[in-house]
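One chain, chain A, links the two complexes that follow: it is found with chain B in the first and with chain C in the second.
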Partner chain A sequence: MLVSEAVSRRAEREAGRSRWKAAARFILSEYLVLALCVLYTLVMIPFVPEIATVEVWQNILSDMMPLLIVCLGQTIVLIIAGIDLSVTAIISLASVVGASIMTQSDGYLSGPLAAPAAMAAMLLVGAGIGLLNGLSITRLNMPAFMVTLATTNFFGGSAIWYTTFHSTTTSIYDLPDMFISIGDRDIAGIPIAVVIAVAAALIVHGVLAYTILGRWLYAVGKNPRTAYVSGVPVRTTILSAFILSGMLAALASIVYTARLQTGTPILGERILLDVIGAVVIGGTSLFGGKGKVIWTVFGVLFLVLIDTTLKLLGASLFVIYVIKGSVILAAALLDTLRTRYLGVR
Partner chain B sequence: MKTNQRADQPLLSVEGITKSFFGVRVLHGVSFELWPGEALGLVGENGSGKSTSMNILGGVHQPDGGRMSLAGQLYAPQSPREAGRAGIAFIHQELNLFPNLSIEENLFITDFPKRGGVPFIDRGWVRKRARELLAEVDLDLPPTRLVGNLAQGERQLVEIAKALHADAKVLILDEPTTSLTRREVERLFAIVNRLKSRGVGIIFISHALEDVMHVCERVTVLRDGAVVGTDLRERLNVPAIISMMVGRSIDAIFPERSTKPREEVALRVRGLTQRGVANDVSFDIRAGEVVGLSGLMGSGRSELARLIFGLDPIESGTIEVAGTRLMRPTPKASMAAGLAFLTEDRRNEGLLMDASIVDNIGLTFLKRFRVGPGFVGGKALNTTAGELARMVHLSTDRVQDTLAKHLSGGNQQKVVIAKWLLRRPKVFILDEPTRGIDVGAKQEVYRIINRLVEEGGAVFLISSEIEEVMGLSDRILTINKGEITGSFERSGFDREAILAAAMAPVGPKREATA
Partner chain C sequence: MNTTRRQFTIGALMAAAAGTTPMLVQAQSGKTIAVLFDGLYSEFWVAGMQIIKDEMKKRGYAVLEGISDKDDSKQFEQVRAMIARKVDGIIIVQTDSKAVIPAIRAANRANIPMVHFNRPPAESDAYSVAVVADNQTIAREAVLHSCRTAKQAGGKFKAAILIGNLGDPNAIQRRDGFQEAVSQFSDTIEVVARIPTEWNSDKAFAGLTNALQANPDINFLFTSSDFLIPQITQALKSANKWAPIGDPKHVIFTGFDGFPTAYELMEQKYMDACGVQNLFFETKLAIDAIIQMQEGKKPEKVLLDPGFAITQANMMEKREEMWGYTLLKQKKSG
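After this line comes the complex of A and B, so read on.
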């Protein structure tokens, strides 16, 4: 009798424990954010019926694309336990540099080559600033936070200054149609911006998951000392991360600029919080060593979803900031919990 | 020992403690007693239940069954805080001090005394009390000194002083001697003896059995979550304890090698000099040879290894691996030439603790698995890592989803060895390869070393355990203050002579040639 009682009590205890474990596994799973997106959408339908329409989702998708591209780069940098605050300045500077080259009102180039040349120049701006960030961090041993904070101010300011030479207003207009089509044309029914973003996401995923560089990035993020002793070229790896982040920010700038049909030096000003927030919401750790492209996709979706619904509800910009801020804080907390209690990667 | 303490009841008694984690029973009724004024050695292999027992004693875990009593009272701590209040102080292997705070701030961090109800710290009292506590542990340092500037042994004494302040009745020392110099160990023992005379009970957990035998009146041996035996020191000796720990007698701790060193030189070092670290160091290691490096703590043993592997810069001198000269030594270049380096700092330099076994093993040689432009052949890597894991007898074969930090110390060390074996090194530099790992794992490491050497590899072995160096090496070099002070062939191994050479004075005589 006693034995059977003890056995049943133990079974109960174990059932309770496994329930708890299942709950924990869900909270800590990598699809949590996607599940939250679905849940949030369902909850919001009574308040914002528009959320169930195709047009709104097309908007969400098109809002997601450039942000996702920047976030891909930020994911790489966070994986090596760095941070890149200069992405907003890269977006702005690339935008005005590109526009100044291809604008039809007195641009540096005209004709069919103007747009491709301008885009190449934009990517070069991104790569150059990324290189500068990376070199300052690896050669001068400065912290990434400080370096990119400095470069974001420097190049953000430079973008505005540069614009004054090319325009009497704050922006550069008259961009060629070929370029603008990136923002509003489709390929086989899929917007070009989506094609670019998906391609970028697949490439970054490929690099992180299947290449030697990918393994080096995670290793450097987990412990640069061990990585160095094991023969990993730590400096080159860090440098690559910042160059990739710069180039992806520049790619995002192409999409943003095309959508806006204008080169403007304040293009990236407001999105820094969204960039870092979305990546962290997705589950990439601020402590380095873990992060995935798919997580970042979910994080961006979640943030854009909140943004869109709040705007549809007519919330003011301040309210949107407060709510987004809270969500990002919750995500950072979850990151800490994940790291501490489950040791999940 | 109990009898002449004249205490009528044990200070601490632990009776039939059981504990399971996730349905796996790790303690099957552990019982022991600790009398006032005695030191009880607690020994066992990793995973024998030492840590779990001590965590239960320290209130970190609660037992499933059994009872504990402290000075006659029922003792069932629900948290480390409660354990501390009841008078149990646990001094961990990795000390819990703040390096960026001073000694006195560390001593009183949990209960800064306040002056008359106002929330300001009574600095004067703190200073005075800190001096008293430091005097009790024989630490002649100003209480304002930053803990970050203290040597390991001094930090440990600060921890003990902290326990004294909390009026600890039972002091648990976890691996207290592993990272200390011999002199620091002597001092620690003196303080342990003083605490004993004041009636404090000490639980001394250590793999260093000589230290246990030196300071403990009784020894309790744990194996597989149960007590195998407890006996007075006088009735035990180190081999007997080892056979109790592993459950069989160990005939030869150091297995015999079947091969002799070959002719060809695997590592040639000439005139290696770096001011304050190494002075005109020259030696050869032949293929199939183990050369041991013996020296006191601070003699430059590890530093020499780091110079050779390219972790630290060198001023002058040459390093040749299998006839190829290393022009600018960096870890990457050294590895390409055929060097491998097992660091003494497994946690911070040897492993990615948050990465899987596969990721750790593959890190040294990802290029071997390259397919196409920079891609990693994941399947080939997993297979090879699995083979290496089996070869070093890793406790798990789930190499893809087991994180390094979830392995025991011995198994972690096997992963480090495996990651270097992946490169099939010509010369393997091993810096303290058996530090902090249990007897069984040690033997496995020795076996791996022998196998490597029998296949023609060369090993440069650095260890603070002279028995280990003597047991494994074909030749022993001694080092003092960065200079080679002696060389012994296996036939001429003599403990006293080696120690004497390791302490031999070094002079400026060589500088003329440098």
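After this line comes the complex of A and C, so read on.
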């Protein structure tokens, strides 16, 4: 009797331990956020039945796309243990620069080349600001946080100043149809914005997973000193990360501007927390060396899903901020715990 | 029969869901209006939101509210969410008159009436109704009163204007109304400072403080919105220019909107005149327009609130129409 009791207690303890292990595996799994998305949707159906409709999921997909593009860049920067706060200013400045070139009301260019030239200029703005950020960090040894905060203010202000030369109001309108089509047309039933975002995600995934630059990025994020000793060009890698982040923010600006059919210097001004939040929720580590495109996709999906359900419920802005802030805080806390106690870096 | 913990949990969740569903169905059986503002940055918008919500509820509508925090992109997403929610109408206050056009088009496609409250959209082929105050006329009439006061006082006056966000047509019209009025008194009034505020109180305070340092003889002031009154008061106090009518240091002060604080300042003789938007009338126009559009009618694209100028001369007879005075009276009566 005593022996059988001891055996059954031991079996219970082992079952308990295996349950903990399963829970830990689930928390560490890269599909945790996706599972949470499914669970959250199921829980919300009784409260917001519309969440189960195709129309709402089309909206979610469409709302995800520009945010995902910015988040891809932020993922790259977080992998090298950096941070890019200037993405919002890049979105704003690229928006008004592009609009000023292609607007049909006294734009710099007209005709079929106006839109492609404007988009190229927008990408150049992103690359230029990214280059400036990267050079300040690698050559002047300034912290990424400080540099990108300063460039946010400088280029955010410049966007407003630039607009005053091109419009009597605070935005630039009358953009060509070719450009606007990015925001509201399809290719074989798939919205153009989705095509752009998926292409960007695949390219970034390819860079991270299959190129030498990808390996350098992870190595620099894990330990820049060790990476340097191992022959990784740390400065070039950091510079590349910020240039890529800038260009992806500019690409997002193209989608945002096309969607609103207007170039505005306050575009993207309020999305910084969403950008960093979505990447961290996905599981990319704030401490560097860890991150994947698919995690960012799940993070963006989760954040947009929460946002959409709260909008459908008519929740006040303050409630939305509190809930989103709590989720992002929980994700950051989870990241810290994973890094500190579970040694999964 | 033994029930496991898992079976109990699943059962409890299903029971909760089943219990909640009839309540939700009941809540959704009536008509719903979405009220989407870009922010609640001043008493005007807070009062506007509240008056609309109260009036809609009185008429049997459920109200879903959304605040975009001056994010045009987010507001566009809010509009699409409300379309998916199949609301019966949308009352919107947008940040940018041009960036709202895709949202109007989306509402048009879904056949959902859209009314712009107090802020018109830019010209386009999309159909929506805007309820707006006749900003230019109201500003002109209020400033004209102050110009006449200056003329009567004699001497030369140096004027400053606090201009709103130029993406907002209301701000442009108020600036133009001010300009029309002062240009009739060019022998008396010279505009020495045009201060851009972008509807930001910090920028307004910094801009006015700088203007008063650069031009210490400014003695005529127009604000494009009363929500900047606390910053103006502070800046004038710091410059030792905060004095009531009759005092040689008094700055002839004209407001716009009709806030409760504006009425208090008029009563205390610190403000000479104020352009007033008739918030109650605008709310009625907006709701009536939504209902007419639901009935298939097509109201004019712009519905005008003529508003009025309240001055030291007509204050007692006009104050009952001033929403700020009404709110102040309600507050005082508890």
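Here, the second predicted complex is superposed on the first by the 332 of 345 C-alpha atoms of A that agree within 3 Å, B and C clash if a C-alpha of one lies under 4 Å from a C-alpha of the other, contacts with A are read in each partner's own complex, and residues count from 1 in each chain.
Convention: a residue touches a chain if its C-beta (ideal position, glycine included) is under 8 Å from a C-beta of that chain, and two chains touch if they have at least 3 such contacts.
Please read these numbers as outputs of a predicted model, since none were measured by experiment.
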Between chain B and chain C, positioned on chain A by superposition, is the outcome a clash or a fit?
fit
Please work out whether A:Thr148 is in contact with chain B alone, chain C alone, both, or neither, and reply first, second, both or neither.
neither
Looking at the overlay, what does A:Ser240 touch: chain B (first), chain C (second), both, or neither?
neither
Quick one: chain B or chain C, who's touching more of chain A?
C
Contacts of A:Ser253 with chain B and chain C, given as first, second, both or neither
neither
Between chain B (first) and chain C (second), which does A:Ser92 come into contact with in this model arrangement: first, second, both, or neither?
neither
For A:Ala227 in the superposed arrangement: first (chain B), second (chain C), both or neither?
first
Just checking: does A:Tyr210 make contact with chain B only, chain C only, both, or neither of them? Give me first, second, both or neither.
first
Quick one: minimum Cα-Cα distance, chain B versus chain C, in the superposed arrangement, integer Å.
28
Write out the stretch or stretches of chain A touching chain C in their complex.
45-47, 49-50, 53, 55-56, 59, 62-63, 66, 160, 168-171, 173, 183-184, 256, 259-262, 264, 266-271, 307-308, 311-314, 316-317
In their shared complex, at which residues does chain A touch chain B?
14, 17, 210-216, 218-219, 222-223, 225-233, 289-290, 343, 345
Complex interface listing, chain B residues touching chain A:
22-23, 311, 331-332, 335, 341, 343, 348-355, 359, 362-364, 366-367, 370, 374-376, 378, 403, 405-406, 419
Which chain C residues qualify as touching chain A in the complex?
17, 20-21, 24, 34, 63-74, 76-78, 80-86, 95-99, 101-102, 122, 165-167, 169, 172, 198
